[in-house]
Amino acid sequence: MGEQEKWFETTIRVRYEETDQMRVVYHANYLVWFEIGRTELIRELGFSYRRFEDIGFMLPVSEVNAKYKSPARYDDELIIRTKIAYCSSVRLTFAYEIYRAVDQALLVSGETGHVWTDMGLKPVRLEKKAPELYALMKEYES
Amino acid sequence: MGEQEKWFETTIRVRYEETDQMRVVYHANYLVWFEIGRTELIRELGFSYRRFEDIGFMLPVSEVNAKYKSPARYDDELIIRTKIAYCSSVRLTFAYEIYRAVDQALLVSGETGHVWTDMGLKPVRLEKKAPELYALMKEYES
Amino acid sequence: MGEQEKWFETTIRVRYEETDQMRVVYHANYLVWFEIGRTELIRELGFSYRRFEDIGFMLPVSEVNAKYKSPARYDDELIIRTKIAYCSSVRLTFAYEIYRAVDQALLVSGETGHVWTDMGLKPVRLEKKAPELYALMKEYES
Amino acid sequence: MGEQEKWFETTIRVRYEETDQMRVVYHANYLVWFEIGRTELIRELGFSYRRFEDIGFMLPVSEVNAKYKSPARYDDELIIRTKIAYCSSVRLTFAYEIYRAVDQALLVSGETGHVWTDMGLKPVRLEKKAPELYALMKEYES
């Protein structure tokens, strides 16, 4: 989609705790970074995931996939690129790409699928419960 | 498939640390449990992942996917079922299913793809470097 | 106190995720293992920490200390020894020792201090709110 | 040094993964944040912990203590204050205070003790092996 694609970027630095004895980042940590990517994207939209929960919504993960191309290492500065790949009244899919800042190498790409739920983890229709928020997410969909 | 399928089972109990403020297990932890599943499967085969590294092999994750059907909660006893879904001289794919012990509900299913590498993360051909190990893995492939 | 000391033992195995690039266990993980020690001690007493929360109590950590003598490594089997070092109606202190199973080497020792609270993290007097539970904990105090 | 105390400040934001079902941050995560504090302090000194390891030194944790006064919550912005409390040729102690940015409330304080070692975890005398680095650390001691 080229110029229309709405990637949002945020940066992090790899923590010692995130490495393992292969001397690279343990693979599950990229999922935590995906979470940071979508949190910061939502903040950029003028909302916050914390507020979602304050007003009675949750956005649990229903699906995840990740492809590991090259490893991140301790103290690397990384760029997390996030976009809304799909948005409906019941589902939301984010796409992610994680780059090493120093040479812009793509390390990992992935997606997470989510379902809008109430605080009891029951699915809700966002369009009905929060039409403005729905419109906002929908507009940002790539 | 049926009787030929070689699922290996191991059990764990959910740690407090693995929960999040949704009062369920944080989704990235299932990847850690997948790792326990394949570690114990390899041990069952008479080998150990630790020994892989001692003799100069590593098995980094190149790909992962997971589908979350129902959440695990603190102190739940879980059954991790693991099998070798695909094995070649360069690649290995494990499949996993995680069940809640008390009612046998399927919580999460997924797969991890791996590449055989040396300690410098360079790909190696297992069949060439360790033919007996290759035969062992191959035989266990479902 | 010698023979009167009421240590409870449970075993775990080190996960790959718990290692770091020093090729030993990352130090914060021992706190997670302390938590497993006290959880299993409480279960041994015929209760469960999960039930504490179900009946409206929490036992947040108010203080922790740990001394690291020797490192645990990937796939090591470890023994967690736990006892109730101090118990009053408002406070509880657990002591821990973590040993490597294969040679009984002491790796880490430590303590965690806790306060009985309600679900809103407000302190409560256990003796008043749950006298039988208080008696049970008190009796087990070393 | 009294009023000249050399606290170094860095900020982080609480990740969803760091919460637990008490709806506050799981206590072991503060140790990870202490690590970020000392990493950034060392960077401020013109060095980097990564470089320590590149030139053959490690600084494993030998001791830790923490006092938890008030809980951090999801998405809170936190200030980590770190100083070198003690420095000798063989040992290093960092002190930490973690504040909530919004109201400057002190949440947690603590210390970590470290030993200079070689890559095989054998103790070394920093003054002998790297006199300039030793002088640098020593000067910054509070």
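Should a chain be cited, it is by its letter among A, B, C and D, assigned in written order, with residues numbered from 1 in that chain.
Definition applied: contacts are C-beta pairs under 8 Å (C-beta built on N, C-alpha and C of every residue); 3 or more make two chains touch, one makes a residue touch a chain.
None of these values were measured; they are calculated from a predicted model.
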Third chains touching both chain D and chain C: A, B
Longest centre-to-centre distance from chain D, chain (CA-based): B
Separation of chain A from chain D, taking each centre as the mean of its C-alpha atoms, in whole Å: 29
Distance between chain centroids, defined by C-alpha means - chain A, chain C (Å): 35
Cα-centroid distance, chain A relative to chain B, in whole angstrom: 25
Multi-chain contact residues (two or more partners), chain C: 16-17, 21, 24, 28, 32, 74
Sites on chain D touched by chain C in the complex: 21-22, 24, 27-29, 31-32, 53, 58, 60-68, 71, 121
Complex interface listing, chain A residues touching chain D: 15-17, 32, 35-36, 39, 48-50, 74-75
Complex interface listing, chain C residues touching chain A: 16-17, 19-21, 23-24, 26, 28, 74
